[in-house]
Structures are given as C-alpha cells and as structure tokens.
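Following are the structures in question.
In the two assemblies presented below, chain A is common to both, partnered first by chain B and then by chain C.
On to the complex of A and B.
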C-alpha cells in the first residue's frame, strides 16, 4: 500500500498540481498558478491535435491488425498440426524482444537502399520511414509483428476453453463451419478477445519507443513522442503534465467503453 | 587500555581525515558518448598524473544527453562537477542557476583573445554581448564537407562537368556550385547520389543544415539581442538559402529524410554520395579504413560562401561549464586553470580534440596534421549559432518541424515555410516574455 501511495498516487496528484502552473523543471523561476491555461493552450494547439489524430489512426490500424493476425494464428494453432509446440514458441518470440531492438531491426528492413523488404517485394526505393504517407503504417506494421503473438496467446487460451461438446453437438446437427464459428466460437471467446483488445489499445495509445527509434517524420508523430518532447526536451513541465492528464482521461474513456462491451459480452 | 583507546581514536580520526581528502580528489565530467569524450579521458589522465586528482569523464548517449544533464541540474544534484554542454544550453544553464559564472576566470586568462572569437561568443557568453561568460570552449566544432576526391579528379567526370556547367569540377567556390556538383553526380540508376545532408527531426539536425544555408545566403534566424524575427528569418535571402537546401536534399540517397551524422558517414562509407555534410568531429572515422573503405579517396572542405559572399557555417561543439551544485568547485576551478594552458590545449589537439585556442588553430603544425584540420581552422572563424535562450528547445522543435515540412515533405514554398515559422517564433518568444516582433 505504501509502495502504491509513494510511487503511484503521490506522483499522480503532484503532477496534477503542476498541470495548473507554469512550472519549468529546468528553471528556478517562481512557479505561478495559471488555472486552466495549460489545458486550453494544449487543446488549441494544432500540432497536438495532429499528434492526437495520428495516434488515434495508429491505434485503429495497429490494434485491428494485431486482432486479425493474432486471432487468425490462434485459429490456425487450435487444431492438431505437427510441431505445434515449436511453432507456438517461435511465434511468441517477437513480443519477448525489446521494443527498441525491434524498432532498430525493422528500420534496417525498411531501409530504401539496402533493406530486404523493398528487395523482396520489388518495391524499388520506397522510403517507408520518411514518406509522410507511409511512415505511420510502417511503424504500425512493426507493432503488429511484435504484438500479434500477445493476441494469439490470449485467443488460444479462450479457444481451448470452449467446451468440445458444443462442437460435437453442432457437428451432429450438421452446422456449417461458418455457423459454428459465428454462433459458438466467436461468442465464447469474445470476452477474452476484448480483454486482449483493451490491453493492446491502451498500449498502442501510449506507444513511444518503437516509433521514436524508427521515424522522425512529424506527420507520424504520436502523442507520447510529443509529450516526451514537451516534458524532457523543452522542460515545459506544467503544460506537459496537463497533456499527460488529457491522455490519461482519453485512455480511461476508451477503456471504459471496452469494459462496457466486455460486461455485455459476459452477460450474453 | 586508555592509550590503546586513544590510539584507536587517533587512527579512526586519521582515516576519516584521509578519506575526506580522497573524496575531494575526484572530479566527474559529464559529456555525450562519442570519440572526443574518449580523447578527453586520455587528456585528463595527465592531470591525474600531475596532481593526483582523479578525473572521470562520464558519458551518456547523445539522444539522452540533454535529458540526463538537466534532470541532474533540476534535482540540484552534485554527481557532476563539470559538464561539457551544448552551446544552446547556455541560456537555461546560466539563468537557471545551474552554471557558475566564469567571467572573472575568462578575464584572468584572457580567453577572449586566446580562443577563436566566435567560440567565446557562442560557447561561453550569455546573454550575447553582455560580457558574462559561463564556460570555457572545449570541443570546437562546426559543419563542414567531406567529398570523394577520386570522383572529383576523374578526367572523364571533369570533362563532362565542364561541358555541362562551363567551369572546372573541383572543391566548390560557393554554395551554388556545390548544388551544381550534387546535381552532376546524382545518378540513381548507378546507386550514386549527389550529396548527403542533415534531415533528421529529433534533435537539431535539419536546423543545423538549413541554418548553414540561410546564414551563407545572407539571411538570418533573427536578431538574438533584440528578439526581432519578422523580416529577418523570412527574408528573401533566407528563403533562397532554404530553397537550395531543398534542392540539395533532392540529390541525396533515397529515403533520406531521417539523416544525421551517422547516416551521412554511412552513405559516404558505402560509396553512395559524392559529398556529405557533417560536423568535423565525425570526420576522423572517415579516414579510418576499418570503418570507411573509401578512406583513401576522401577530401574535405569548409562550407563555401553563399552566392553573395556571405561566409558562415553552423556551429557545433561544446564548452565546459562548472556545475553550481558541485561539492568540488575549488578543485574544478584548478582543473579549468590547467585545461586552458597552451600545452594542455596542444595536447588536446594532438589527441584528436578540436581545440578552440586561436594560436594552435593558426599554426602550420595543426593545419597540416590531418586532411580536415585546415578546413576546420577556416570554419572556426566564421561560425554562427542558433538561439541560446532558455526556451531554445521550443524554438528548435518549431524550426525542425517547419524545415522538415518544406524540405522533406515538400509542402508549400520556402517563403511560406519561413513566413509561417516567423509567426510561430514570435508567438513563442512573446509567450516566454520577450519583446519579440
């Protein structure tokens, strides 16, 4: 409890106080109370809105991709195939790597001059990480590669918990595979899939390390990178605290929406 | 028994005294993780041999350097006695109370005349023109150019170039010629490109490249003394410089939108580019055959003047400052006394450090020591820097975004980009309490 108060509650409240001041951690100037100015300035700043909309689109692309790939892999592995254990371990490897290592590794893969991706796909000199229209997707693909195994793992747990007798009954009734999937499999694994989506949405919203090492393209700047710049490059401690609170509130709102769906799914 | 107790007490007392003394015999310098920091460690080993004081150069990777230093400053921590900080930190370091004022030290050692004047102005003085000094120039640095001598001296290339442009291929006499040369060598089908310039957004890369062109075309980033931006930053000269920088970017390798010193050296080492812009501190590795297969073919030149003769280059490098929270300030001052001595500066240059001592820079011995020292000497007398206000990081971030948006993303015109940036900078300066216009 003491640990929680010292390292979580106290900094949370302390930074809330900062968010209403013009405090700069790099300066010894007197700290002034500025009311809601930091919040109104942030919400009127087009650069921050650009980062927010970029982040939102990144979350949609990245989490959707992880869901499709992760769940698809789980369905593939939820059947008797040779070398299943080895294959599962192999597929889990990406999420065990450091995000910075993954970012640097993919930076090489994407390199327009000698990267293997352009070579393998015959894409010429496509500049994945510096093109304003591609950079965000390039980072999202990396995130999908890294975190789909997480969705796969949870999905596998959900799929293995579906009672076998339901499939047997469906088989006796000559239900089609499509019907079985949408009437038995999906409803029963939905709660655990939603949990995976909640975790990945929260994490994707906070993505920093992968994007930071992979691209400097301002059109692909995520809100965490903007927050980092404000807090630690520019030492705008007050406004940065306000932005952190806005991000926190947004993540809580999105999570709450998911939790409501989760409860509904459980009730069903 | 009483004598034994007295003896033990005396022994403990002596131990404590000697341990206090040992603690005072250590100095820690914070710097970024790069070769010059290793040279500095070698240099200070001499100081240890002379005085018995242990000096440790603690390094932090470049991306974390500013954060690490200011986190320590903000906590008023005494982990570091001296810091080799960027020139832009002067405002925040001095007004924030993190640096000890060294004006008397500078006067005592006559550093304003013994060091290259521009280095004192940009590494040490804050506010500009105030006569207040906060650091001793340590690692002089600025933007220069490396080029492929073998390509430039190839008879066929020379003949073709002359036929196309009407003058001889060689080290460019001005930046317009540099753009011509980059265009000439730009042959994507042969995986050969004209020039590698700075474009990265995190940090200060693209601004360092762009400001070199803006200054040399007769433009400016503003009047640092009077906070005037409008009409200076967005002058026709600044816009012309920015336009030509964009042209040069267009003659770079594919996907060249995230490049700083490492990427430039890599492009040169891989034989991709005819010319590469870089800070002089990164040129030694280009002469090392282990890291650059083209080492034998490398030439170097100072940033050439602009089309109307304005001759400038963006400043890099750092001065060494005394941290005001240091517990060893007296010892640190003694170290600085040793550091500014002529023989120490000479040794520093021999080890590979870029001294700012004018006499050494002007000496034949220094200029002939490496293929790039002469260009470095020429550059250190024509450097210009970015804003050094405590709020420099906000201005820098706004500049990085604006320059990138025009140069790499290709949005709008150079004039539009600078007009927009001028409005943004005036707003930011006013918000910080400066009488900007």
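On to the complex of A and C.
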C-alpha cells in the first residue's frame, strides 16, 4: 500500500502543484505562481479543443466498430463449430500484441506506394496516414483490428451463460428468431456488453502509442499526443500538468462508472 | 443457438463457419504479412505489386543484429570466400559488416534493447506478482476496513493514462537520478502491475476454500505456514496466469519507456520505431525486429488461452 501511495499519489500531488505555475522542466528560470491561468489558457485554446473533439470522434468510431465486429463474431462463434477453441485463440492474438509494434506494421500495410492494403483493395495510391481526413480513420481501423477480439471474448462469455432452457421454451412457443434474439439474448448479454464498451471507451480515450507512432497529422491528434508534445517537446511543464489534470478527472469519472458495473457483474 | 437440428439451422451453421473462417484469415493477414516481410529480400519487400511468392531468407535477421556500411567497391573474391555464411548474405546485399579495431563484428543496439526488455519485464513481474499475491491474500481472508474503496483506489492507479502520470514521474526521476536506469522502469512497472495482480489474485484466492487453512491452523500451523504450504500451491495456476499478464503488460509498455529512458535502459518498444527515419528505411530489418519481439507474446497467448477472459476483465468475469 505504501508503495502504491508513493508511486501514484505523490506524483499526482507533485504535478497538481506544477499545474498552477509557469514551470518549464527544461530551464532553470525561477518558478512563478500563476494561479488558475494555465487552466483558463487551456480551456481557451482552440488546438486543445480540437484534440478533445478528435479524441471524442475517435472513441465513437473505434468503440462502435469494435462492438459491431466483436459482437458479430461472438454471435457466429456461439454455435457448435469444430475447432472453435483454436479459432478463438487465433482471433485473440491481436489484442495481446504491443500497440506500438502493431502501429508500426500497420504503417507498412497502409503505405501509399507499396502497401498491401491499397493493392488488395485496388485503391491506387491512397495515402492513408498522411491524408488529413483519413488518418484518424486509419488509426481507428487499426484499433478495431486490435480490440474487437476483446469485445468478442466478453460477448462469448455472456452468450454462453444464457441458460439453454430459455431458448427451448422460446422454440416451443414458436417464437421467431428475431424475437428470441431481442427478448432473450440481448437483455441477458447486455450487462457484460456494457462492461466491454465502457472499458474500451476508457482505453480508447487514453490511446497514445498507436496514434503517436502511426501519424503526425494535426487533424488526427489525440489528447494524449497533444499532452506528450506539450510536456516533452515544448517543455511547457506547468500548462501540461494542468491539462493532465483535466484529462485525469475525465478518466476517473469513466473509471468510476466502469468499476461500478464490474462489481455488479461480480455479484451475479 | 440451441436449436440447430433443422435443415435451415444446419445451413446457417455452415454459413457462420465460413464467415468466421474468412474473418479469422483477414484478422491474421497483417501478422502474416509482417512475418513474411521479415524473410524477404529487400527489393521484394517494397515491390509493386506486392510479392506473395519469394525465396525466404534470413538476411534481415543478420542485418538486425549487426552494424553495416555501404560497400564502396566490390569485395575481393578471397575475402568473400573467407567470410562466414551469414556475412556473405550481407555482402550479397551490397553492404559490409562494420568491425571494431580487433576485427570483431560490431553488434547493433537491438540485442541490448531486447535484453533490457527481458530484464525489466521479468524482474517487475516477479515483484508485482509476489506483492500482489500477499496483498490479495490479505483482502481475501481478513476483513479490511473500507475494502471496496481500497480496491477501487488500487485499480484506479492502473487506469490513469500513462502520459498523465509520466510528467511528474519524469521530474521526480530526474531529481533522484533514476532516469534511464533499469531500476527506475522496474519500480514503475511493478507499481503499475501490482494493482492488476491484486485484483486478479483476489479472484483466485476467493476460490480456495477457507476450510483448508482452517484445518491447517487447527493442526498447529502458523498463518505463515498455512499460507506457504496450503494456499500457495492451491493458487499456483492463478499465480502463473497473473505473472504472464504482468509480463505482457511490462513487455508491451511504450509511453513510460519512451519518456523515461533514452539509451542505457531503453526497452525494445520505443527502440523499434526509432529505427524508422534513420537513413534508408529497410522494412525487412524493422519487420525482423518486430517478429522477434512478438514471438514471446504469441507463445504466451496460446498458453494463457483459458485464462484470457479473466485477465482482461480484471478477474471480475469467470467462466
């Protein structure tokens, strides 16, 4: 416990202090207390607002993509399929890989002149990662590739927990497949799906490595990359700490919701 | 679904199998592509149209481990004859190996970074799992005041975006001289993983019946003896699964490694991308580095397949 406090709470208090100053970690100039100026500056900065809206859009695109692909796969896998265990394990591989390395080899796949993707889809010389409009979607596609298996894994667990006798009863009552799905499957799987979605939302919001490695497009700049640039490229330590605090509070809110649902799932 | 005995049900099943197999292949194709790129000759890696058929070779791996320079003049036949097979591969590509004053081959930075990754990931895993197991035992067996809050606090430390924590960490480490050291990263990854280990191990501990230890305590064992002789062996599978998860997290970690290390203690994740953009982009070498880096994780994924669900949901969902 003491260990966790030293390494988690102390740094945060330390940076809370910095967030009210004009401290720059790269210079020895005297540190001045500037009050809430950093916070007001950040909230007035259009670049940061753009990063936030980019991040929001990115979260929506990638999480809904993961949901559709992951849940769809789970529905299809939830049948007596020979070699199901092996197929599932293969499908799960992407989510265990290192995000940076994944970003890196997708860069090779996306390459405009000799990437396999443009060739396979016959897209000519589409510059996925350097086109301002496409870059964000290219990163989102990679994220969907990586994390759909996670949604699939949780959905499969949810689907296999649905009691079989409910389906038997439904088929005796001659309920349509449509009806069975919306009245039996979906309500029973919903809690676990919700956990998957909240968890992915939280993670997508924090995305740094993939986006940072794959593209430098300002239109595709996520809040984490913005933060990294402010803190370690421009060395605006004070303002960066303030921004970090804003992000922190947002993440803690989502985390709180997540843990609440996690505990609910545990009680079942 | 449960009812599959009808004709249409069976047909639906076949269609589902076909779709699943196609999707699996699409999912695996990026991994296949990077793996084959690592065995391609340089010209074929970036050829248009992409070459599917090629003669596999291990030149990229030789290049990955060595420092090279462009050949200015063709090599003399006797030098070529005297060179070992792996050096010939490099000579064939129009480059020569860099050698130090004594004529020994100069290694590239990759093996160093790889070993750094191994040292840091393994040490931090051992520390995190041992701390986590003991803490989880405490939470599982004793009434702790405000247990739910404490557990939430422990978990929230892992949920923080790394970049947010990295700013104060960087300043602190700079102040105490832990920047770019193995110990610095080990401590950090341990702190990061302990929270996860506690959550996961608590789930495993809760499954071990209390009666086992109670019987042992009645027989005159001390708490410590009961823990080491009864609980630990029972929890062995759980410990192994937790350890693998911690290892993969530490192994894959990028943001902290990028910010807190630059040379001596740099791990492979920040190193591999930094190779891009230094001079000529040799994708085969980058692919080779990537493949070597991914192998341990791929192996562990297969070993862990039955525990993945549990690990990914912080032990909340069990099958």
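Assume the second predicted complex is superposed on the first by the 251 of 268 C-alpha atoms of A that agree within 3 Å, B and C clash if a C-alpha of one lies under 4 Å from a C-alpha of the other, contacts with A are read in each partner's own complex, and residues count from 1 in each chain.
Basically, contacts are C-beta pairs under 8 Å (C-beta built on N, C-alpha and C of every residue); 3 or more make two chains touch, one makes a residue touch a chain.
Computed from a predicted structure; not experimentally measured.
Asks: Have a look at where A:215 lands relative to chain B and chain C in the superposition and call it first, second, both or neither.
Replies: A:215: touches chain B, not chain C.
Asks: A:51 contacts which: chain B (first), chain C (second), both, neither?
Replies: After superposing on A, A:51 lies clear of both chain B and chain C.
Asks: Based on the superposed arrangement, let me know which partner A:168 touches: chain B (first), chain C (second), both, or neither?
Replies: It touches chain C, and chain B stays clear.
Asks: One more residue to check, A:236. First (chain B), second (chain C), both or neither?
Replies: first
Asks: Counting touched residues of chain A, say whether chain B or chain C comes out ahead.
Replies: Touching more residues of chain A than the other partner does is C.
Asks: Regarding the shared-chain residue A:112, is it in contact with chain B (first), chain C (second), both, or neither?
Replies: A:112: touches chain B, not chain C.
Asks: Report for A:90: first if it touches chain B alone, second if chain C alone, otherwise both or neither.
Replies: It touches chain C, and chain B stays clear.
Asks: Using the superposition on chain A described above, determine whether A:66 touches chain B (first), chain C (second), both, or neither.
Replies: neither
Asks: Scan A:130 for contacts with chain B and chain C and give back first, second, both or neither.
Replies: After superposing on A, A:130 lies in contact with chain B but is clear of chain C.
Asks: Take the contacts of chain A with chain B and those with chain C, and give the residues found in both.
Replies: On chain A, the overlap between the chain B and chain C contacts is residues 25, 113, 232.
Asks: Over in the complex, which chain C residues touch chain A? Could you list them?
Replies: 1-4, 13, 16-17, 19-21, 23-24, 27-28, 30-31, 33-34, 37, 46-50, 131, 135, 148, 150, 152-157, 159-172, 174, 187-188, 190-191, 194-195, 248, 251-252, 254-255, 259, 269-270, 272-273, 276, 283, 286-287, 290, 293-294, 297-298, 300-302, 305, 308-309, 312-314, 316-317, 319
Asks: Report the residues of chain A in contact with chain B in the complex, numbered from low to high.
Replies: For this pair, the touching residues of chain A are 24-28, 47, 111-113, 125-132, 212, 215-219, 229, 232-236.
Asks: Would you mind writing out the residues of chain B in touch with chain A in their complex?
Replies: Spelled out, the residues of chain B in touch with chain A are 66-67, 70-71, 73-74, 92, 95-97, 188, 191, 199-202, 253-258, 270, 272, 390-391, 393-394, 397, 400-401, 404-405, 408-409.
Asks: Provide the residue numbers of chain A that touch chain C in the complex, in ascending order.
Replies: So the residues of chain A touching chain C come out as 1, 3-4, 7-8, 10-12, 14-15, 18, 25, 73, 76-82, 85, 87-101, 103-109, 113-114, 116, 119, 145, 149-150, 153-154, 157, 160, 164, 167-168, 171, 177, 180, 192, 195, 199, 202, 205-206, 208-209, 213, 224, 227-228, 231-232, 237, 240-241, 244-245, 247-248, 251-252, 255-256, 258-259, 262-263, 265-266.
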